[in-house]
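What follows is a short report on a single structure.
Labels run A, B and C following the written order; every chain starts at residue 1.
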Amino acid sequence: MKFYIPPQIPRLALAFAVFISLFLILRHFLIPETFGEYGHYRGASLIDNTRPEIHYAGQQACFKCHQDIEDKKAQDVHSDIHCETCHGPGEKHVISSKAGDILKPSGRVFCGSCHIINAGKQKSTINQIDLDKHNVGKNCIDCHNPHQPWEMKK
Amino acid sequence: MGNEKIITSRRKFLKTATALAGATIGYAWLKSSQILLFAAKPKDESLPWYGIVIDIQKCIGCGNCAKACKNENDVPLEPFYFRTWVEQYTIKNDGSVNIVSPNGGIDGFKQMAPNEDIFKSFFVPKMCNHCSKSPCTQVCPVGATFESPEGVVLIDEKYCIGCRYCVQACPYGCRFIHPVKKVANKCTLCYHRLKKGLAPACMETCPTGARMCGNLRDKNSELVKFLKEHTTMILRPHLNTGSKLYYNALSSEVR
Amino acid sequence: MEPHYQHLYEILAHAQGYIFPNEIDLQWGILIVVYPFITGLVAGAFILASLERVFKVKILKPTYQIALLTALSFLLVATMPLISHLSQPQRAYEIMITPHSSSAMAIFGFVYLWYLAVVLLLEIWFDYRHSLVVWANEKTGIMRLVYKILTLGVNDISPRTLKWDRKLGYIITVVGIPSAFILHGYVGFIFGSLKANPWWSSPLIPIIFLFSAMVSGIALIMLVYMIVSYVRKKAIDLNVLDAIGKYLFFVLILDFTLESLDQIHRIYEAEESFEIIKLLVSGKLYLTLFVAQGLIGTIIPLITLVFLQFYKHKIRLQKTMYFIVSILVLIGVYSMRWNVVIGGQLFSKSFSGFTSFKVGLIGLDGTLMAAFWLILPIGILAFLLWLLPPWKMVKEEDE
């Protein structure tokens, strides 16, 4: 049964069909391959996020060479502190074994970054000192062995 | 009369055509958009489901965590970009609350008032909460931030368009736009370290063990044991973000 | 030091109280103020046009094509502030190929395309098609080709086909009204659905955005009608201005009521964020909220519009007053966008402090860029009015 279709409709339908097809084709080529594997994201991004370089080696790496310090540290109050907390990132040094590739910090300001007295710190967590009163002018490690702080040097 | 018949059958044709077109488009849309409106369900049971605990009683505000994070993750050293930072709260006897975070706590803190004026004071480390109903993931228009199968919220730096919607959506303020890479950036729980069996940099360098992360699925992990034995709280619980960062000894002044 | 960091250190020096360290820089700047302003103008202009078409408000007929072409001019520019604000604009296409269905922002691409192609372009085409066919026959050279292309090859101007132009145009307009609501409403939803920001998070925000959009669109058409008539050296019909003024008045009252409700509700509930928001409103937002948006943009226009309903004497004065009112209203709505977007980022999510905002002049996110995106549509409108002059259209017999 013939019915009247106004000429605008097929022409517009064609225009829209062309546009939508172009869009779908473009989309097919632009969409990243791994998209949607695990969720609404590029699956390959999970691998991308594992690529950044490691800077901190973790103290087990330190202990492979420095067992003597491992033993010393285990006996005193700094036992739970990991090496890189004070010595900074150690991965470079683990690879090169050069002393210059890792920090050997000392000084009142450095030790004070943890130990300086502050009302926000619990006394049960850490011993605190007033840097302006406690042996002013001396370096902390003049008396305290940083790996065995209560083994006073004298 | 003939006209009416034409009009009715035309109407029927249009209706059917529209319905079919609508259904096809709707199906194609649904299939391809993978609606992820609500919580990411941990699908793969063999993978860990990471949670974090921060013990405020143990934090001494040394700032090692913030410093180590910047070292490990290539974050600019300027005081405007932090994946993690430490705040100090000083509540005076008159009830006033003072909060500071100088350079994110990296250089440590100075006491803000004399002892006799202080009612109480404590340090609060902040970082990404790796929410299980993450609002930042919900709002990303392209899928450039997501919850990994292990429950770590990550960013796809190659896909982010820099619209900053996620930065607005995070109630904890832990996202920023990297000034050089020009994409969103935030704590990744050192995902690149976790996958190699290493601890995140902030937890590796915390001298008091105030920060820990672990597998919420493992009933024998330190983390789960801690959660069992302590009263912990998340930030902004009323926002229902599914935060997996549990604070021990969180005081009511903390936002 | 890099200028970007220099700028941030300056802001840091002006920060008050405690803000989260990452919050120093505002993420959404003046371009994100301009974008909802532009889509609001589009939606509002279209609603005014549909008043004539769907609700048969005959007095507005002289403004019908002007409103549509204005809407189109602004719509063509609407995406640009968004793209120039992205920090990776070359990846903007991703929103079209992998839109995240849980993100209000993701529907932008499709809503925009739907509104542009299915609503606005089609409606203009159906309305102009008869004239396009006639012009294609009259003109020569390149203009003949241009008009021929615009007809899409549908050259039938028999009464039957012309009737279908009107019918289909009517259907499109009816579809266009909710589409216009979605086009601008979703922007309000982008803000209103963010639970992290208490200045934005409210179910009222999308509605307020819509009503202020209608206010701005109506004011814009009033302004454009007056300017176009003046440029063409034609008399401005005061009855048209009175009719537009009436609609402007009612929508402005509704808009004002909704805004007041939002604030009263916030003051009454006084939940967690209230203390900092009170400081925000009475401090950094005082000028732009109470003076620009409230007094200049709402109260003065409302009083003037009421006055103009009763004062029917010096015609020239009345026309001048309408001219001023439309400008004041536009300033007010722009300020409203500013207050929402910038205001929401000035206070910290710690609820304990403020950062500060200095708009840069140059750069992709600066004032000059924003001004360019606002002025460009005017140029496009001038071009469209030359290409598709409403006053040269073929006169149809009225139904």
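Basically, contacts are C-beta pairs under 8 Å (C-beta built on N, C-alpha and C of every residue); 3 or more make two chains touch, one makes a residue touch a chain.
Just so it is clear, the structure is predicted and the values come from calculations on it, not from any experiment.
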Between the pairs B-C and A-C, the one where more C-beta pairs touch: B-C
Chain centroid nearest the full-protein CA centroid: B
Chain A and chain B, separation of their C-alpha mean positions in angstrom: 15
Distance from the mean Cα position of chain C to that of chain B, given in whole angstrom: 34
Chain A and chain C: spacing of chain centres that average the CA atoms, whole Å: 45
Touching two or more other chains - residues of chain B: 33-34, 36, 143-144, 159
For chain C, residues contacting two or more additional chains: 98, 100-101
Of all residues in chain A, the ones touching two or more other chains: 4, 32, 35, 40
Complex contacts: residues of chain B adjacent to chain C: 33-37, 78-82, 85, 87, 97-101, 103-104, 126, 135, 138-144, 159-165, 167-177, 179, 182-183, 239, 255
Touching residues on chain A, where the partner in the complex is chain C: 4, 6-9, 11-12, 15-16, 19, 23, 26-27, 30-32, 35, 40
Sites on chain C touched by chain A in the complex: 93, 96-98, 100-101, 117, 122, 126, 129, 152-154, 156, 160-161, 164-165, 168
Contact footprint of chain B on chain C as seen in their complex: 4-5, 8, 12, 17-18, 20-25, 27-28, 82, 85-89, 91-92, 94-95, 98-106, 108, 190, 194-197, 345, 348-352
Interfacial residue positions of chain B with respect to chain A in the complex: 5-6, 9-10, 13, 33-34, 36, 40, 43, 57-58, 60-64, 68, 71-74, 88-90, 107-111, 115, 118, 120-123, 143-149, 154-159, 188, 191-193, 195-196, 198-199, 201, 204-209
